[in-house]
Amino acid sequence: MKDLLTESLTKEDATALILQAKKRKSLTWEGIAEGIAMSPVWTHSAAMGMNAFPEAKARAIIDLLDLPEEALEALTESPTKIWDQTVPTDPCIYRFYEIVGVYGPTLKALIHEKFGDGIMSAIDFDMKVEKVPHEKGDRVKVEMSGKYLQYNCW
Amino acid sequence: MKDLLTESLTKEDATALILQAKKRKSLTWEGIAEGIAMSPVWTHSAAMGMNAFPEAKARAIIDLLDLPEEALEALTESPTKIWDQTVPTDPCIYRFYEIVGVYGPTLKALIHEKFGDGIMSAIDFDMKVEKVPHEKGDRVKVEMSGKYLQYNCW
Amino acid sequence: MKDLLTESLTKEDATALILQAKKRKSLTWEGIAEGIAMSPVWTHSAAMGMNAFPEAKARAIIDLLDLPEEALEALTESPTKIWDQTVPTDPCIYRFYEIVGVYGPTLKALIHEKFGDGIMSAIDFDMKVEKVPHEKGDRVKVEMSGKYLQYNCW
Amino acid sequence: MKDLLTESLTKEDATALILQAKKRKSLTWEGIAEGIAMSPVWTHSAAMGMNAFPEAKARAIIDLLDLPEEALEALTESPTKIWDQTVPTDPCIYRFYEIVGVYGPTLKALIHEKFGDGIMSAIDFDMKVEKVPHEKGDRVKVEMSGKYLQYNCW
Amino acid sequence: MKDLLTESLTKEDATALILQAKKRKSLTWEGIAEGIAMSPVWTHSAAMGMNAFPEAKARAIIDLLDLPEEALEALTESPTKIWDQTVPTDPCIYRFYEIVGVYGPTLKALIHEKFGDGIMSAIDFDMKVEKVPHEKGDRVKVEMSGKYLQYNCW
Amino acid sequence: MKDLLTESLTKEDATALILQAKKRKSLTWEGIAEGIAMSPVWTHSAAMGMNAFPEAKARAIIDLLDLPEEALEALTESPTKIWDQTVPTDPCIYRFYEIVGVYGPTLKALIHEKFGDGIMSAIDFDMKVEKVPHEKGDRVKVEMSGKYLQYNCW
Amino acid sequence: MKDLLTESLTKEDATALILQAKKRKSLTWEGIAEGIAMSPVWTHSAAMGMNAFPEAKARAIIDLLDLPEEALEALTESPTKIWDQTVPTDPCIYRFYEIVGVYGPTLKALIHEKFGDGIMSAIDFDMKVEKVPHEKGDRVKVEMSGKYLQYNCW
Amino acid sequence: MKDLLTESLTKEDATALILQAKKRKSLTWEGIAEGIAMSPVWTHSAAMGMNAFPEAKARAIIDLLDLPEEALEALTESPTKIWDQTVPTDPCIYRFYEIVGVYGPTLKALIHEKFGDGIMSAIDFDMKVEKVPHEKGDRVKVEMSGKYLQYNCW
Amino acid sequence: MKDLLTESLTKEDATALILQAKKRKSLTWEGIAEGIAMSPVWTHSAAMGMNAFPEAKARAIIDLLDLPEEALEALTESPTKIWDQTVPTDPCIYRFYEIVGVYGPTLKALIHEKFGDGIMSAIDFDMKVEKVPHEKGDRVKVEMSGKYLQYNCW
Amino acid sequence: MKDLLTESLTKEDATALILQAKKRKSLTWEGIAEGIAMSPVWTHSAAMGMNAFPEAKARAIIDLLDLPEEALEALTESPTKIWDQTVPTDPCIYRFYEIVGVYGPTLKALIHEKFGDGIMSAIDFDMKVEKVPHEKGDRVKVEMSGKYLQYNCW
């Protein structure tokens, strides 16, 4: 009976196929993003299975990377966003966790002061990462933008 | 013997004094920041006791807010940065935690692609929060900038 | 110096004042809600300090319950929403946690099926609780409504 | 000896078979629910192995989806309801967790006010999800109904 | 303003008053239970603030123990049931936790076998503790009884 | 070298063999328990690998269920009792956890009152589950009995 | 009303009184233990409120240390044994935790080999600590003895 | 390329080989310990991979149990001591955890009283387990001995 | 009765007294350390109550800082070393935690390679912190030294 | 489709290849480090996949250990640094965790005293381990050096 269980491609499979094609074709994330006319942050995130490709973009990346047609379904389905480490251990990611710990109340206070009683959406949201040359050492610039959502009173 | 233990002002006391003066004088964080010629993010964070005031800035905020002279020591001492909630519950702060969970690996991948094997510093770091008007609803824009630090090989 | 630290009313104080007035005046939450022309769920939540009163509603509840004028500031300030128990122990609240555990993936799947790749907002949100008489035992009916938020692609 | 251990279909297998058939037949959860004359919420939940199919409903879904007869046993057995994440990370599910955190005490207070000292059952329970068109953006409406259970005094 | 916050008796105060009266009058829990015509398990639990006294029983225990009239309100209000230790450390309580860990799946399997797909209610529930003399050492007998609740299909 | 590692039957294998035979022979736990002249609770628990079969009982269940002779060793060896969920999520098991949380201090107080400073053993222990018909709905009755163990003073 | 709540001595108070008297009289735990004709381990543990004094021993320590008569009740009542740190941080205590982690399965295997399917009681239990002079450095010797308890089959 | 990864024997493999040989030869841990002239506690612990065999002892157990020569390397390498359960669930091991929780502060106090400011080493450490016949039930005697280590002042 | 509980100075009190005197006298930790002829690391740690002062050093710091004679007892008693944060949040301390996470297995492997099967003692241990000027930015140098402890075989 | 997923070498594979070659060639970490002209700490850490090899060093270790050319990519890619145990259980690693717990605040205080308001970098960082012979027992000397990073004010 177990033979009945022939699995189709999962989002993890699609990610693995993208990573292989990226190596094989010596592409960068910026290059892939440009190739499908999306931003690098969103493209990497969707390639990792943390965002869903709209159908047109799924077709674009399948074409760009010569992925199998069967990947379409996995690429377009809504992901279940799971992370295993409540506190991330990798130093590059931990520093962002630390920033939320140290500056979280400050972000909240300034959002309330500038907008009112509400939050920045993490759904209607975009982000970019840039390299800013600097004489004392280059700087990483991260820019987030999310729609302001006002708490409802009813 | 307990009488020997007359406590001086703590960083928490200094924060409380600032909050009272801010209310009494009807100031905003932006106003206070301008008054001491620093950014609003840093000013709020230092006022909350999460950053240390350089002596000149401590004197400036004491003057601006008519704080007691005794606050100087507490304002300038290096804080021990502690947050109690491993996962923050307040929705406004949680959304930033969620962004780190969802986009942490993406930030890492793009930093590696643009800079090499290293991280963005959370110490040599600055941040600003802006309100960006938008026809479909205003947006919160958060801009972080940290020095790129390359892993050492030795 | 500590004498400088005369505290103003906190949101906890405001909650305590409301609870006392509610007892003294023998009011129900439904009654209070009606008195300030808001819903019972929102009214209780704001009274507990988990939502901010708009100024007009703060004045209304001050009038209705004969609260001191000084409560206005605490009632209107944006709350920091904190809950201590990651898993709530009270059986009445735990059952809702259990429902999220059991039916969370189902809610997600049906939202995706009906709306697309997005979520129900917990900010642009309202809820009501009703008693539905039933011959085999009355039923609690809880109705939540939140704005659908579509994930951004950029 | 290990050869003795030929396993029969598990609930996970049954779920996988349902998901495949759903794709193959291009069905929606609403369609499947209608096909077996049950609600979409219950149908998805049972299909995920979080509820047990009564025998008639198991037969109905086997017929509807052309599942193998051997799935009957797995579909009808009582599930052990397990969720791995104490705090769910997927934003769509987390928002419901957040609602329980923010409004849990309110739900409790209003249930006590309307019914007495008791709880809403999560066992004698039903739920539905609806799409409510709205000019400022469609809304997700979730309606839960559970039997009121009064605490026993003895 | 803080003077406005004169607190009334809490459930913790009521518990303290009961414990003092119990000592002063040299009563046992069995004696108090008999005095208010309730079971010892329920009586102790309600005295600890983990269950609510119906008004008649609150009056009975006030009379029996000469509690102040003001305790009535605290005794009758619905408790928020909170326990601090996820895993209890006291050996006498831990052994019951251990029994749930070891025999939980067995209780579940036998309830399913005898009743169907459902659970034992912890709300419509009663319990008693007895001493059973035994030649090899007396035994503690604990008897729980809860209403069987069948999962709803809808 | 790895070929040297031919494994013998584990307790998990023995459990799987019992479950298969139970299905194949359409037996209940009560039926199996009767067949080996033990109680249903103990029989299920031992079959799950949470208790060790005395040799005679291992032989009895091997005979009753036509298990392979090689299962004898696994059935009789002392189990390492492990449960993965500190707080069980399955509602049927959680309710017992909840009872320990709510009534743990009560069980402790009454044991102290009836017996002295000691505990109920979870080792020299037995339990049974019964169905008690009731007009307002059948009830699950669980009866535990454990030897009283007095704390030693030395 | 709060004035009604005059508290009697708690176990923590009794511990504090013992510690003060111990200092004032320059006694050691060995000395106190000898003075009440009990072992040092038990005596310290009971003095810390982790064991209950039998009435005669409570009287003996009251006499020995000139404690107030009111301490009798607190000294003799059954303690609720609580420890706050799941993993103890103090190095002297952590090493014992480490020993349980490293040698726990070994203790289990040897108890099973020597006794059968059972455990060592932590209730019918005693312990002593000795100093064993040794040329390469003195050694701490800890001797535990607990009654063997056989698992029940029923 | 994966074929390059032919693994050698791990410590887990060595443990499995020892357990099989022990069964095949019907040996006890005491018997094996005697056969290699070491104590039963150390022998079991090293066999479980929680201690490293000195080369002579590794050869001895290889000879005694007819293990393959290739096991030598795994048996002699320093183990990484890992335990998965912060709080052990098996009752036989938990009781020792409980003893550390209840008597940890007592062990600390008596070590300080007898030796000074230091700890008992868990590295320069030995332990034995004995069966002590007793009329009221045999007792498990555990004897630990560790070198006293004095805190350094510098 | 509560009046009997006049507390003596605790280690926390002694720490507070030292911190006040340090400010009043404008001393540095290096200065205090020099004044009592101990190292700065040890001196700060003992002043924080994480190490015990030998009597001579306690007298030295009392003299140096004009502490009350009553502090002697608190300064010399063995501390219970407790830290509240399993993972420290302060960035300056977290980096050391991160180093243990990243390089822990490396430290272990090199200790085994250089010394054998054992560990570095954290008890017979000393540490120093130095500032090393460097053209690309000064460096913090931390030097730890602990006695090698070989695992015992017995 | 699954056949498309032929995986290339991972960092774990590269680690396994290094460990095998190290055994086969009877090398030490010091020997390997010398062979590629890097330090032993860095070499072990990179070999474990916790640091990235610069290309030249990757080629050097491939040559030294006769690794397959395909390992180059895995050796040079930026690792995601993950550790599973929040509190490490292996005694050799735990002692370093304990040092951070006990001396973390001391390290912080002395860094602030010597440098100002900042931290020691764990990225621009190096470490060495040495064996220091000592008459009372050899000592492990660990020397860490990290760039001082000053907090930014902006």
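Note that the chains take the letters A, B, C, D, E, F, G, H, I and J in the order they are written out, and that residue 1 is the start of every chain.
Everything that follows uses one rule, which is that contacts are C-beta pairs under 8 Å (C-beta built on N, C-alpha and C of every residue); 3 or more make two chains touch, one makes a residue touch a chain.
Chain identities (UniProt): A, B, C, D, E, F, G, H, I, J = Cyanate hydratase.
On a predicted model such as this, the values are computed, not experimentally measured, just so you know.
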**Fill in**
Hopping only between chains that touch, the fewest steps from chain E (Cyanate hydratase) to chain J (Cyanate hydratase) number 2
**Message:** For the interfaces B-C and E-F, which has the higher count of C-beta pairs in contact?
**Reply:** E-F
**Prompt:** So which pair out of E-F, E-G or B-J basically repeats H-J, with more than half the contacts the same?
**Reply:** E-G
**Message:** From the mean C-alpha coordinate of chain A (Cyanate hydratase) to that of chain C (Cyanate hydratase), what's the distance rounded to whole Å?
**Reply:** 32
**Item:** Averaged-CA centre spacing for the pair chain I (Cyanate hydratase) and chain E (Cyanate hydratase), given as whole angstrom
**Value:** 47
**Junction residues of chain H (Cyanate hydratase) - those touching two or more other chains** = 7-8, 41, 80-81, 83, 86-87, 89-91, 98, 101-102, 105, 108, 112, 118-119, 121-125, 149
**Prompt:** Can you name every chain pair that touches?
**Reply:** A-B, A-C, A-D, A-I, A-J, B-C, B-D, B-I, B-J, C-D, C-E, C-F, D-E, D-F, E-F, E-G, E-H, F-G, F-H, G-H, G-I, G-J, H-I, H-J, I-J
**Asked** Which of the residues in chain G (Cyanate hydratase) end up touching chain E (Cyanate hydratase) in this complex?
**Response** 1-2, 4-8, 73, 80-83, 86, 122-123
**Item:** chain I (Cyanate hydratase) residues within the chain H (Cyanate hydratase) interface of the complex
**Value:** 38-39, 41-42, 46, 51-52, 54, 57, 78, 80, 105, 108, 112, 117-119, 121, 123-126, 149-154
**Request:** Within their complex, state which residues of chain F (Cyanate hydratase) touch chain D (Cyanate hydratase).
**Result:** 7-9, 13, 16-17, 20, 23, 68, 70, 85, 87, 89-91
**Prompt:** In the complex of these two chains, what residues of chain D (Cyanate hydratase) are touching chain B (Cyanate hydratase)?
**Reply:** 87, 89, 91, 94, 98, 101-102
**Request:** Report the residues of chain E (Cyanate hydratase) in contact with chain F (Cyanate hydratase) in the complex, numbered from low to high.
**Result:** 28-30, 40-41, 44-45, 48, 50, 81, 83, 86-88, 90-93, 95-115, 118-122, 124-125, 127, 129-132, 134, 136-149
